[in-house]
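Next come the structures, one after another.
Both of the next two complexes hold subunit A, though its partner changes from subunit B to subunit C.
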Partner chain A sequence: MGRITLEKVQKKFGDVEVIPPLDLTIEDGEFVVFVGPSGCGKSTLLRLIAGLEDVSGGEIRIDGKPATDLPPAKRGLAMVFQSYALYPHMSVRKNIAFPMKMAGMSQEEQDEKISKAAEVLNLTDYLDRRPGQLSGGQRQRVAIGRAIVREPAAFLFDEPLSNLDAALRVGMRLEISELHKRLETTMVYVTHDQVEAMTMADKIVVLRAGNIEQVGSPLELYKTPRNTFVAGFIGSPKMNLIEGDIARKHDARTIGVRPEHLQVVDSGGTFTGKVGVAEHLGSDTFFHVHLDEMDEPMTVRAGGEVGLSHGDTIHLSPQPDKIHRFDDRGLRIA
Partner chain B sequence: MARAITPGRKAVNTAIGAGIGILIFFPILWTFLTSFKSEATAIADPPVWFFFDWTFENYGAVQERSNYFRHFWNSVIISVGSTVLGLLIAVPAAWAMAFVPGKQTKNVLMWMLSTKMLPPVGVLVPLYLIFRDWGLLDTRTGLVIVLMLINLPIIIWMLYTYFKEIPGEILEAARMDGAGLQSEIIYVLTPMAVPGIASTLLLNIILAWNEAFWTLNLTASNAAPLTAFIASYSSPEGLFYAKLSAASTMAIAPILIMGWFSQKQLVRGLTFGAVK
Partner chain C sequence: MATQHSRAAARFMIAPSVILLLAWMVVPLAMTLWFSFLRYNLLMPGDNPFVGFDNYSYFLTDPAFQAAIVNTLLLVVGVLIITVGGGIGLAVLLAQPMWGTGIIRIMVISPFFIMPTVSALVWKNMFMNPVNGLFAYGADLLGLQPFDFLTQAPLASIIGIVSWQWLPFATLILLTAMQSLDSDQMEAAEMDGASAFSRFFYITLPHLARAITVVILIQTIFLLSIFAEILVTTNGGPGVASTNLTYLVYAESLLRFDVGTGSAGGVVAIILANIVAIFLMRMIGKNLDA
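Let's look at the complex of A and B:
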């Protein structure tokens, strides 16, 4: 079981409030991703849950029991760090065995769990190696192995894929998602990468300056972002946010249109501009279009191959039901 | 681009380097050679270098006159004892300063270092009087305590530097894995700091072994280590170069041999963390 509740949890470093009082519930078995730009307090929030930082106020409960004053070891949580944080002087086997040794588990039980974890994570051939002799991906798997064997109430991941190269990151992302499906244990995952958040999460928590901007499923956030910050942060390439006369026509201060909801039309259309950069990926073509009425180029995603290039005139038309409207405070207008 | 070095310049540099090396090593070589000469050959003018009648009589005479092994054991006990005692105090102190620093940590470190700037002779009289009143004069216990205190700032500084190099996330991982403070220090911190602790141990044994000011001033005979043993040969009764050389060779040989065998460990410890 791993239901985690935060009630009015607050964190100050000296006089600086990095996390104003916030409430959040993480349901048992849920995969929750904290996402936000760097410095938004997502890692601090995770460390508060882990017990590696003390809260300045509020209450943390794990499975209904107060955990605010418990040391990290007593919270029944396991953590995977960005730097892997493996014990460099121990073999892979001893690294994975360490939490069980600390828990006073019998040697037979340890051996059984190690071989099971090694099998799941493809580490069987590497058990006697030291962390220094492993690749980044293998090291991260050892860190995950060390977390699994404890059978924790919840796993905490602190940007676990940031140190891996792009190809490996995609592979590990799938592995972690599969692990979650198999173990059905609560996972709390911190990342600044919205693609990781969208692909892995059951529930995304978008943070900015310690405040929760929105909580919801990936598609809820994609379809109905609560404000311009979430609208710009979720989705790749990011949503085009347009102000001025065009927005006023829609009775809004700002309107948002995602690149994939703009259609390239032969003539007319809502927007007309010149192609700046065209990125031909084969499956898609991205155009960065300069419009007279906008300072920033507008991004357009056209399916398949579209034969326009730098300097060509382009006509664009947004899908009418996919226009997001925001008011003066940047909040969504229903 | 790599710097271009011509063969000629390389040869000149090598010669200069070798020259400086020989200059530094020369007194040790002279002492070593003289220890095998008779007193007459030792003061011969012009000096005789290699072609003389090699003799061990000086070593025999020295051992007979002043019982080398008693001093040797005193040196071993004092240097190892003061270093181990120092480590027992310094490991927790350095741990606290490296991993749970307070506002005054930097000041405390600087204050400790500042004690090394004080000339030892400045505290000789008060320390001598304390030792006299407490009955510590000419005892090994007294010397262990004083050398431990003299070297403690260096031990703490070295360990502090090594501990700082250990990533905090690894200790946090241990905490998440259920390790208490004691397990964290025994199973994670200490094994990772072993190279640093080992080089601190070696360096401080060498420093304590060679320490002459306090060992000469606070001992007479019972607790006198090898430094006092050498000093006893430069007496006003007249200089016996050959016997003095034999005594010096016997005194520096153990630490030189230890240093030679542990040089890898020493260098590794001293450059710890320089290159990731």
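Let's look at the complex of A and C:
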């Protein structure tokens, strides 16, 4: 069981309020991702849940029991750090065994759990190596193994993939998702990468400056971003946010259109501009289009083989039902 | 070809310094070896006949020699235990964030900047003196008999003085090592349920292993040749109770004016230092690689 409830949780460093009072419920078995730009307080929030930082106010409950004043070890949570935080002088086996040794578990029980975890994580051949002899992905798996054997109420991941190269990151992403499906344990995952958030999460929590901007499933956030920040943060490439006369025509301060909801038309269209940089990905082509009415170029997703090149004139028209409208405060107009 | 030429040129260029350094080492060593086989006493001028290993047998059978060996080892081991143990403790304390860290660190490190003769004299006259010393005053206040450190426990007193000088060195090296400890590792251990003691034992101490090795190796080199502290406090006495090998060599050559036996003692000291070095490298040198 791993239901985590935050009630009016607040964190101050001196006079600086990093996290204003905040409420959040993480249901048992859920994969929750905290996402936001760097410095938004997502790691601090995770450390508050872990108990590595003390809250300045409010209450944390784990499975209904108050955990605010419990030391980290007593909360029944396991954490995977960005730097892996493996013990360099211990073999992989001893690293994984460490939490069980600290809990005073019998040797047979330890061995059984180690071999089980090693099997799940493909580490059986590496058990007697030192962390220094492993690759980044293997180290990450050892760190996860050390977390698994504790059979925690919830796993906490602090940007676990940001030290890995791109290819490995995709692989580990799948492995962690797979692990979640298999263990069905609550996982709280912090990242600044919205692709990781979209692909892995059951529930995404978008944070900005310690405030929760929106909570919802990946598709909810994609389809109905609550404000311009979430609209710009979720989705890749970014949503085009347009102000001015065009927006006023839609009775809004700002309108947003995702690159994939713009169509290239032969003539007419809502927007007309000149093609700037074109990014050819094979399956898709992203055009950066310079419009007269806007300073920022607009991004458009077109098919793989569109015969347009730098400097050509392009006509675009958005799908009418996919236009997001935002008011003066940047909030969504339903 | 170019590299061969430049290599030859490089060898030619470094030759003067290599020759100078080699001569610097070889000439005194050769002279010491040569003197150690002569009967060479400044009190008996005249010719200095070759006497083979006589000087060595005099030196090695001298009752002071065994005492000196034991004292040398006790001094080295005693100071190592105190400085490494105390150094780890102080490093752990000083690594904690606290008020006035900068000043406290400088105060802890300052004994290392005091010259050995000066600190030994300060200890001798201001602390350990049975009449005027601070310790005697303290004992007096408690109604106890003042303890004459340098007479009743000369070697232990010198171990104390030398430890006081070398504790800052150990602390400094271990403190820098402490600061390179990844805080994530400590937090991971905390989450894994390790108590403060377990964290120290399983994380901090292994992390410090390499620094401890460095401290032991460097200190051993210097502690084998402790001299000034003995000269200004006890003069190796009472009797030979605080005579180490270095002091014995000094006593032979410069108090008894017996250059031959003194040289033989010097050669013995070189051999002993090498034995200790090999022993140390075997025992703890493996910590240094990887």
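Here is the rule we use: the second predicted complex is superposed on the first by the 334 of 334 C-alpha atoms of A that agree within 3 Å, B and C clash if a C-alpha of one lies under 4 Å from a C-alpha of the other, contacts with A are read in each partner's own complex, and residues count from 1 in each chain.
Just so it is clear, a residue touches a chain if its C-beta (ideal position, glycine included) is under 8 Å from a C-beta of that chain, and two chains touch if they have at least 3 such contacts.
The model shown is predicted, which means the values in this text are computed figures rather than measured ones.
With both complexes brought onto subunit A, simultaneous placement of subunit B and subunit C is prevented by a clash. By the document's definition of touching, neither partner reaches A:136: not subunit B, not subunit C. By the touch criterion defined above, A:85 reaches both subunit B and subunit C.
Of the two partner chains placed around the shared chain by superposition, subunit B and subunit C are both touched by A:98. Of the two partner chains, neither subunit B nor subunit C is touched by A:20.
Touching of subunit A by both subunit B and subunit C, each in its own complex, is seen for residues 50, 52, 71-73, 77-79, 81-83, 85-89, 98-99, 102-103, 146, 150. Interface of subunit C with subunit A (complex): residues 182, 184-185, 187-195, 198, 202-203, 206-207, 209, 290.
Within the complex, the subunit A residues that touch subunit C are 50-52, 71-73, 77-79, 81-83, 85-90, 98-99, 102-103, 132, 146, 150. Remark: subunit B residues 167, 169-170, 172-180, 183, 187-188, 191-192, 194 touch subunit A in the complex. Put simply, subunit A touches subunit B in their complex at residues 50, 52, 71-73, 77-79, 81-83, 85-89, 98-99, 102-103, 146, 150.
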